[in-house]
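In the two complexes that follow, chain A is the common piece, with chain B as its partner first and chain C second.
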Partner chain A sequence: MAQLLARISPIWFAVILFYVLAGIVSPAMLSTGQALNVLQVAALLGLVATGQVIALLVGGIDLSVGGVVTLTNIVATSIMLGQDSSIPLAIAVCLLLGILVGALNGFMVAVLKVAPLITTLAMNSILFGAALVYTGGATRGTAAPAFKIIGQGAVLGIPLSAVAWLAVAIAVAVILRRTIFGRWIYAVGANSEAAALMGVPVKRTLIGAYVMCSVMAVLGGLLITSYIGNPSLGIGEQFLLNSVAAVVVGGAALTGGVGSAVATIGGALFMTVLVSFTNIARVSTGTQYIVQGALIILSVMVYRALAEKRRIT
Partner chain B sequence: MPKAEDMSADELALHKIEKSFGGVKALKGVSFFCRKGEVHCLLGENGAGKSTLMRILAGVMRPDAGRITIGGREVELTSPRAAQDLGIAMVYQDTRLVPDLDVAQNVWLGHEPGGVLVDRNQMERATQEILTRLDAVIPLARKVSDLSVAERQIVEIARALTRDPSILILDEPTSALDMAEIDRLFAIVRGLKDQGKTIIFISHRLPEIFAIADRITVLKDGEAVGTVERSQTDAAQLVRMMVGREMTVAYPPRAAKTGPVRLEARQLTSPGRFHEASFTLSAGEIVGFGGIQGNGQADIVRAIFGLSPLSGELRLDGEKVELTSPREAIAKGVVYIPGDRHREGLFMPHSIRENLSLPHLKSLVTAGFISASKENRLARDAIARYAVKTPSAEAGVATLSGGNQQKVVLGRWTAGTPRVYIFEDPTRGVDVATKLDIYRQIRGLAEEGAAVILVASDLMELIGLSDRILIFSQGRIVDEVAGAEATEERIVGSATGAAHVGGVLTSHGAGVARASTASRPERPLFDRYASSFALALLTVLLAVVTAFVSPYFLTSANAVNLANQITPLALVALGQLAVILLGGIDLSVGPLISLITAVVSFVAIQDSGLAVAEAIALSLMAGLAVGLFNAILILWLRIPDLIATLASYSIVFGLALTLRPSPGGMVSDSYLDFFEAHLGPVPVAALLVLVLAIIFEILLLRGRLGQRLYGTGSSPEAARVAGLATGLIRLGAYSFCAVMSALAGLLIAARIGSGDPQAGMAFTLTSITAVVVGGASVFGGRGTAVGTLLGAIVVGLMQNALNLMQVTAYYQYIWAGALTLIAVASHALQRSPHKK
Partner chain C sequence: MNMKQLNRRQALLMGGAALAGGLGALPAFADVASEATIEASSEIAKGVAKKKPFRIGFSNGFSGNSWRTESLASMRKEAEKLKDVVGELIIVDGQGDIAKQVNDIEDLIVQNVDAIMCIPNSGTAVAPVLRKATRAGILTMPFNLPVEGGNYSAYVGVDPVSKGKLISEFFNTELKGKGKIVALGGLPGNSYTAAIWEATQKGLSKDIEILAFKDANWEEDRAKIVMADLIAAHPEIDGVWCDGGQVATGAMKALLAANRPLVPVTGDDYNGILKLYDAEKAKHPSFKILMVSEPTWQSVVALRETVKLVSGQDVPKYQLIGARTITGDNYEKFIKRDLPDGVCVDTDLSDEELKKIFS
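And then the complex of A and B:
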């Protein structure tokens, strides 16, 4: 039993504990409506974080997810222009964009050996600039009606966005844990030299990981677009730091090879509950950022302490 | 013998020193005594604990238990600095020098002559003096990265001598030297001995020891076997002491008969590493590759495994193969088990199961997914076969002892059916019982029909396990001997070319002649400023083009505007440079600038000098606080700087938002006047920043500060060993960066005239852009203040030029990002041909 408990990521206890605490402070948190709302919103961050965890698993980081989300939102709405018939084209263009960005990030990191932080930070700036230039500062277009269903609709009362998120996140978790490519990602992140000696194509794995990360950010961007229904310049910026926070709170280590897509679901839920609670408790945005920063530090320390304890026993 | 007398005779005494690494006892209560003015050799095989013992003496490691006395007084060797202050100096086998600093700088790192500025003349004179004493000719201004291994060794010895040590430790100083160099080294050692210095000389080469030692202490498996006078011992006795219980290790019986040839190598060559090596390997056979370390035996197996190019022909079971990557080698059934398991063999955060299955994933897949049952079976089989002691296959390899970790590394290849196994030091750092297990396993693999290459630096292991031994010297196979007939003397003799005379090997150096470095003239200033010069040209070009397109560019109004734009960026970039030189990064600079504008917008609202002073003081304090906070996260809590400053980014941004949720407030006129003061047409702030950049550059180029920053950034380990307080240096850099950002925040507040929680956000990227465009390496150790200033100017100039050319401001995000990518990518491309 104790062993089983030890294998469950601590994030789930944190999510439950925090949700209950929040409920005690403000009972509104415990209503079904609010819980479903949390799920619906968590999906937006959750998808982006599912990509981010892959970048951290290979020992990198992707700060361009914010720019990818923004650009996806802008491009998707401008192609759809409210027409259902344009949905496939919009999705295809955005996915292509994501693949391109990810491949470029991966190329810089894997082949040119540029620090991932610098590569993706610069890429984020380029993508945000591209969105600005593309729109000329004034957004146009809107999401197609049918497209909004996935972000705003529900099936049997459960928000569709949450269903989509969980399906994708679990699929990624299976890919990471149960396919060769997924194992390569873990191996390259933990020790790329050893991985190369074991016949793992390190560069291909890195590039693939960054592509996957960007594609997840595109999916996140599409879901966000569907949820808000409109273009919104800079909508992605809030997901940049938040996605890293969700992943780190979910136990991924910046050193690579440690973390899981399933625990990241917990991380995204935790961050969303936190925001939702601070909103209900009328805490200022400023305080939210402070709490978020403190939380990142705290979780790095807690997970490290847990890892060291496991090593001794 | 009376005890008191014994104590007084010993200059240095180590009592019952113990040290463990992750469950493996490296030192099991070693006592070791040295007299004043003797050359005391510490002898033992690889892994006997010699280096660990000496690292404790040098203050690099702390012992788990035991006492150390020097001159009869008990001492605490808490840091390299503490050891140096007590007169202990150590010369490391794998030199601990800073590659990006030159010879003179390395020799004096940590105690350079001069004050704030290094007295370069005095330093060169003193270095030259020592080098002359060592009879060595090395250009003082040459970077250590351009030196040969032997030259580095000399530099390291010179460095040890600068502190005029009373106890000098030489850790296998001869491994990279040729005969003449060894003779010279020995002359130096004798000279030092005549000066009354105590010299501890680590080696495992008997001829050298007989040439130089007064007394010899033998270490074996972390214990001191005994101490003997050179005049009262011979090689046979020392070998017996070294080998000791090893003789009782029961090696598995050798192969009775071997099968067909599995691997045939013809004329394998890789220039500078190995030459025309031809050999065959039969099924069922274990062939040892022996010789002094670094004579090509390790290089050749790595090349066979596809890790580096080679010419020549390789046949596997008669079929010609070309293995250009580990992936192909493994596919063809050739596997390589590296000696350094932590660096090349294990995935520390992962479970035993995942460690074992990685190379076999393909065979575990059904319908695209890895079958859990197949994988578990594979893990169970390997664990059972190698008797890995673990509660479960799911346990992390990090929780295992060294011996069990090694079993996982070996057990990984149980599955699949490799045809050729290459083992490199398969029992490094494991206990005796595990060694026996591993020997049996390796023999078992051969018996099942595989061909095995064993590269072992432990001669007893090589002899005990091999059916045949090929001996390498200077990249060539110089001798072959059957395992049953091999002796340590024969192998060492062949490897060193020494004659076997009366049981004692004559004193011949095991020279590996390394190509000496190309003798091009040193142009340190050119090397340092070439990229800055190019950048300056680019700046001029940009200015000329802009002036042509827009006449307004050359007006003084625009020039002032430009200076005002560049000044805050240059400040932040100089701060960021200090951090990046150390291989770190500070993402919190942007929000910090925003926070400062918010602070100023509350404090500097009254038209009084006091309010301005208050605003400045408060801002600088806030900056310092953020810098210290970052340093605490990184140094104390050991959070990686990226995530630490990302967290403080969030926190500082939160503080800024709390103070000023939206832009607002109005700063006083006296504040504006103060920060926008002009000297003639020139903004004072811009002048001051220019002066600051120049001072920073001088300190980097000629100051002690520069040596500390470059040293710590280029090689933290070397800097620590040199006695630098690397933690303090990092703390200083983060504080400096934050204070610079605070100053920039004050300027921004003056420019926008109010507080704005978003005002500084762009600076996080642009400051990094300026630094990397200015030629600094994000991996630390390289960069200049002049380059950074030019980087900031280029960024500011481009912004200004595009504005004047009526290009929408939206493009600035694109080119700022693109410029950064181009800069770092071009560094990467420049770097790659040099380092390969």
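And then the complex of A and C:
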């Protein structure tokens, strides 16, 4: 039993503990409706964070996810124009866009050796600029009715968005843990020189990791487009740092090689419960930010202490 | 502030007549909002005659939404009409960055333009650089969002206090003086939102309880997410105060998703909320709207007043455009069913021009 508990990431204890505490302060948090609402909203951040954890695992970071989400939202709605028949084309174009952005990020980081922070921040700026050029500041189009089902519908009461998110996150977890490519990702993140000596194709792994991260951001962008139905040039900004926070709260190290896609599910849930709780609690926006920031720091500190203790025992 | 009230058409025509005397005939203004009024202060800004053709700079705080896009299109159109006198309109974009905007204005000062117009990213941060420009003999015209202190030539904007008053009267009437409301703001710390909210609170009946005020960053998705949380927390929500029509749309979509009846809501002249009202009003008898517009044609008034100043003509130091309201009774006049949700409908641009911008 103790062994089993030790294998479970501390983030899950943090999520449950915080959810119960939030429920004691605001009983509305514990209602079934609100639990499902948290799941539905967590899926938006969760998908983007599932990509972000891959970037962090290879020792990088992807700050272009905000731009990818925005551009996906803008391009998808402008192609769909409310027509169900245009859904496949919209998804295909957005996925291609994600692959291209990820490949460019990866090429810059792996081949040209530009720091990931700079590369992806610059890419974020380019993508936002592209969205602005594409729309001229005037967004158009809307999501197709059938497309909105994934973001707004439910199956047996469970939000479809959460089902989609969990399916993708688990698939990524399997790729990371059970495939050679997944092992390469961990190896490159832990020590890229040692990995290269062992015959790991470091450059290809890095490029692959950034492509996966961008594709996840595209999926997140498609999901939020489905959730709200309309385009907005500011839609992706919230994911830029929140996705990093969700991954780090989930126990990943910014130095690379440490972290998991499953724990990132917990990280996204924690972040969403946190925001939801501060929305429900009668606190001002300023207090809301302070509480959010303080709890993120606290959770990371507790996580580190627990991890340290485990190493000793 | 001692203000006298002019009809917008009168105000614009007055400007036109004055310009016509010294600058040649002014093209007619495509008036879509003739009932709007402009209140002018008795305090006067002194005009300084500059050499024609004028070089006018415009520092736009950012350009990433449809309001700014339409406003800029209106300004460019007006500049084109005034091309005999406005030789050059130099537009710089602050990209939402407070420091960049200050640098942009510094650059305009170095270029020795005749006048600088601006929509500030921060009402406090641009105050010193506008003072510097004014001292350098450049006429300065902030508009749309206020600038701290009075160290600029003149200002054109919408009065947040009258907006707030109208909104509180709406809730008092629709809720019959009693009920519970939630409020969804724009960007945290935005002083314009705060002023409207403060005026609303002052006017609300004492039996209307405010359950929460939360910021929704002027984003439809954020508004929907925040509202979903508030719905979970509060079984009774009788009204929703929103800063902006996109926020109102997000909030109403959250009520729809939760299978709750739609309730009285406020916002601005965002096409999406009018379309939503049109689609849902029959199913939700309690759904009432009061949209107080934020005219995109403020830029045209600002440009005209700037041209007057550089022509040597005095103008009122402060001009406040009266709030215009869109309700269930008159929304048919404003709704643009063939255009995207993002269109701000209180505009001087024609549907054809809007179609070009939004395509």
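Simple rule for what comes next: the second predicted complex is superposed on the first by the 281 of 313 C-alpha atoms of A that agree within 3 Å, B and C clash if a C-alpha of one lies under 4 Å from a C-alpha of the other, contacts with A are read in each partner's own complex, and residues count from 1 in each chain.
Simple rule for what comes next: a residue touches a chain if its C-beta (ideal position, glycine included) is under 8 Å from a C-beta of that chain, and two chains touch if they have at least 3 such contacts.
Small disclaimer: the values here were computed from a predicted structure and weren't measured.
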item	value
Chain B versus chain C as contact partner of A:Thr285, first or second or both or neither	both
Which of chain B and chain C A:Leu95 touches, first, second, both or neither	neither
Partner chain(s) touched by A:Gly136 [first = chain B, second = chain C, both, neither]	both
More chain A residues in contact [chain B versus chain C]	B
Partner chain(s) touched by A:Asn191 [first = chain B, second = chain C, both, neither]	first
Which of chain B and chain C A:Val114 touches, first, second, both or neither	first
Touched partner set for A:Leu306, first chain B, second chain C, both or neither	neither
Which superposed partner A:Gln238 touches (first chain B, second chain C, both, neither)	second
First, second, both or neither for A:Val163, with chain B first and chain C second	neither
First (chain B), second (chain C), both or neither touched by A:Ile224	second
Intersection of the chain A residues that touch chain B with those that touch chain C	128, 132, 136-137, 284-286, 289
Residue numbers on chain A that touch chain B, as the complex places them	61, 108, 112-115, 117-119, 121-130, 132-133, 136-137, 174, 178-180, 183, 186-187, 190-191, 193-201, 241, 244-245, 248, 253-255, 257-258, 284-294, 296-297, 300-301, 304, 307, 310-311, 313
Residues on chain B engaged by chain A in the complex (per definition of touch)	305, 307, 325-327, 329-331, 336, 338, 343-350, 354, 357-359, 361-362, 365, 368-370, 372, 396, 398-399, 412, 585, 633, 637-640, 642-644, 646-659, 661, 757, 764-765, 768-769, 772, 778-779, 808, 810-818, 820-821, 824-825, 828-829, 832
Complex contacts: residues of chain A adjacent to chain C	26, 28-29, 31, 33-34, 37, 41, 128, 132, 136-142, 152, 224, 227-235, 238, 276, 279-280, 282, 284-286, 289
Residues on chain C engaged by chain A in the complex (per definition of touch)	63-66, 68-70, 72, 185, 188-189, 212-215, 217-222, 224-226, 228-230, 232-234, 246, 249-250, 253, 257-258, 272, 340-343, 357-359
